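Note that chain A is present in both complexes that follow, paired respectively with chain B and with chain C.
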Partner chain A sequence: MSHQIISPLPGIFYRKPGPGKEPYVNEGDTVSAGQTIGLVEIMKQFSEVRAEFDGVLEKFEIEDFGVVNPGDVIAITS
Partner chain B sequence: MKKLLIANRGEIAVRIIRTAREMGIVTVAVVSEADKTSLAADLADEAIVVGPAPAGLSYLNHDAVLKAALDSGADAVHPGYGFLSENAEFARKVIAAGLTWVGPSPESIELMGDKSRARRAAIDAGVPTLPGTETALRDDDDLEAIAARIGYPLVVKASAGGGGRGIRLVEDPAQLRGTVEIAQAEALGAFNSADVYFEKFVTRARHVEVQILGDGETFVHLGDRDCSMQRRQQKILEEAPAPGLPDEVRERMRDSSVELARKANYVGVGTVEFLYDPFSHEVAFIEMNTRIQVEHTITEAITGMDLVREQLRIAAGEKLDITQSDVTFSGHALEFRINAEDPDNNFMPSPGLIKTMNLPGGAGVRADFGFISGKTVAPFYDSLLGKIIVWAPTRELAIARSARALDEAHIDGVKSTIGLLSSLVGLPDFADVKHHTKYIESFLDSTIPDSTGDAE
Partner chain C sequence: MAFDILEPGLSTTVQDQGRIGYYRFGIPQGGSMDQYSATLANRLVGNTAREAVLECTYIGPKLISTTDAIIAVTGAPVDVFVNGELVPEYERLELLAGNELKFGVIKGGTKYFIAVHGGIDVPEVLGSRSTYPIGAIGGVDGRALAAGDLVPVGAAIDNGLPALQFIEIEDRPAFSKDVTVRVMLGLYDHLLSHTGLDSLLNSEWVLTPVADRMGLRYSGPGVEWKDREQPFGAGQDPSNIVDAGYAVGSIQIPGGTQPIILHRDAVSGGGYAMVATVISADMDLVARCSPGTKTHFVAVTMEQALAARAANTVRAARIWS
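What follows is the complex of A and B.
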């Protein structure tokens, strides 16, 4: 069963907590429900993007520094 | 100076373009892909796309901005505020490329950017400071003894922080070591330096500041401002002059700020920020900002000067044509920051299309905006749409005129701070100068019914 992680906000998607840091997760990593997989920045405010279910993060649909719109699929877990 | 590149966006880019055009200087706006149809791009003589929407890839991209300057034949770069304005490395690159940097020297930027060095410089210049450590804490320091000498509550501040960021409160000794460790880790992550220092914490303070101007030889102050109305440690309503300060406090602030500029051989505009304790009447240095500030307009309103014009003249190598005795103050000015955000929903950003925007007019009212009707507010940048600046002969009249002006202002399409500002300016506490930097939070807590039961 695959699940989509959707951005509720417009903004910029970041896979790392800061410059020079390791990504929160990489494709193929196991994630648990509630785990942070990235950040969306809207007008200098940062919101965490979280996995909704336990599983494996199969693929990021939005790259680091990518522009997201509300409803965009950020990543797919299975 | 014949052609000026503006390395910024929004209302400050528009502000700089306006003065440059009045001086006969050709303007070049740099824009991201998201800002190609911005008002700044419309008003500038040329607009150059320097990268995609994220600021890190466009407005903050040193090489792209510098290339735009060189390709366009600009001979000067104005950084505005935020973005690259206090980046000494970028300033050095601009100067090394043979261009004029509209701002203080890279050395001044570095000195004031390092908060513990700036504090040392302030002490040397006779600027009043809060009790605290004069250098960054070391691993072998006896933290408990140092903290006990300063007294609780105190704050742990990142040396490389500023603008309200990189600050943590310690209320009692049990929290001390843990908070220092967290602050050091956060400072390393956010500012690439783990240096932190201690400063006494003032529970209920006002934020006051002094505008200074220097050409490396002559140094003057242009009076003071109060910026105590803040949300999330960000200013939202400012006024000049700061109301209700005892004369000796105001004089000490102003004179010591000029002395700090003089000792640093400061070139350009700068702002020395202070905390003012209205109960003890003590004033203490916070930091010095080495750039034009958002709220420079209220200083312009009470002095009749154009601070961007002064910046451009000084950068071009001209000397100040005034001394302190030529600076005179008239009346009272208020500035209201109109942000695209929802005060009823924890100041949630509100990007989108501005369907209509009606700005106020009439005597003593100035509107500096980066947007007009039909423009879109992108979700990628700061939420500041623009500022309404109101001048009147007295503070009382300025408050009445502000209420009238804010009543005329209307924006359809995005949520804004107009309604909140309208409420704030009408409060007896504001008229009586009883507000402080935590006032808005307590005001909102008491006026908005808490439907969630969440204490946050």
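What follows is the complex of A and C.
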């Protein structure tokens, strides 16, 4: 069963918690429900984007530093 | 009577018509960014236009009403849920004691408003309940809502509920990704070259994600300034001036690259040339724009600006009749 991880916000998507840090998760990694997979920055605030279900992160649909809008699919898990 | 905040949302603040009369001391007017939407919500629940509402930005709160309450949600399109059941926006709703209010993913625009009969009853500061987070005044402890807050709701207002139960489509604001914003040139448009002024008024500017209650930044082709020797007291960049007061809605272009529209929580003065000012009638329109919105600026006269303001007043008056 594949699930989409949706951005509730517009802004800039980041895959790493900070410059020079490792990405939260890579494609092919196992993720658990509630796990942070990235950040969206808007209005000088960083909101964590989390997986809703246990599974494998199959693919990021938004690249690091990419622009997202509300409702955009950020990643797909299965 | 109160709202028990389970989740605060991204930046939910108490707002009203604003804190008028203190801008000269550096306190901005504040107030609901989209005044028209806020007043629609107040009207639906039987308030006056003066009662304070909750302004939700992108992600709204999840809250429980501690008693029965009459509410309405207006503004940016979003799914509204009471106890998990989808209910309409732009319509008077009843919450029973213990009911949970929450929201889906915003479908356009930036802000939606929750009005409650009796109004949000935080203390007035300098004549307004509006939250000004930079100055830490107004609202709940001068800040955006936090989980665990109990937001007080005022006593019932003794004028009953209006016959109006929902807002007709034609009376609702539009949330477009392509807008034309009317401006009056000045005070410092004379510092732009002809090419620079042409760029401002005839280019497409795209709203960036750098947009909040203080200001909204646009990307585009940039502008060109006239060559001049900078006067004493102005910085060396041609976009700098000797410090001056900023009009609400004024447009500055630091470095000549990305215009910034100053909005309701903006600073009241500084050293950037204000090349134009958004007319008051279009400030709500600017506030409704989400990142990526294509924006054109068109210059109007003072007479046209006042006519547009009068037309807005007539439109708002329709829902109060």
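Going forward, the second predicted complex is superposed on the first by the 78 of 78 C-alpha atoms of A that agree within 3 Å, B and C clash if a C-alpha of one lies under 4 Å from a C-alpha of the other, contacts with A are read in each partner's own complex, and residues count from 1 in each chain.
Here, a contact is a pair of C-beta atoms (placed from the backbone, for glycine too) under 8 Å apart; a residue touches a chain by one contact, two chains touch by 3 or more.
Just so we're clear, the structure is a prediction, and the values are computed from it rather than from any experiment.
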According to the stated criteria, A:Phe65 is in contact with first (chain B), second (chain C), both, or neither; which is it?
first
With the two complexes superposed on chain A, say which partner A:Gly11 touches: chain B (first), chain C (second), both, or neither.
both
Touch test for A:Lys21: chain B only (first), chain C only (second), both, or neither?
first
Could you look at A:Gly34 and tell me whether it touches chain B, chain C, both or neither (first, second, both, neither)?
neither
Which superposed partner A:Lys44 touches (first chain B, second chain C, both, neither):
both
Looking at chain A, which of its residues have contacts with both chain B and chain C?
9-12, 41-45, 67
Where on chain C is chain A touching in the complex?
10-11, 57-59, 105-107, 209, 211-212, 290-292
Note: in the complex, chain A contacts chain B through residues 9-12, 17-18, 21, 41-45, 65, 67
How about chain B: which of its residues touch chain A in the complex?
52-54, 56-57, 189-190, 340-341, 348-349, 351, 379-383
Touch list for chain A against partner chain C, complex
6, 8-12, 41-45, 47, 67, 69-71
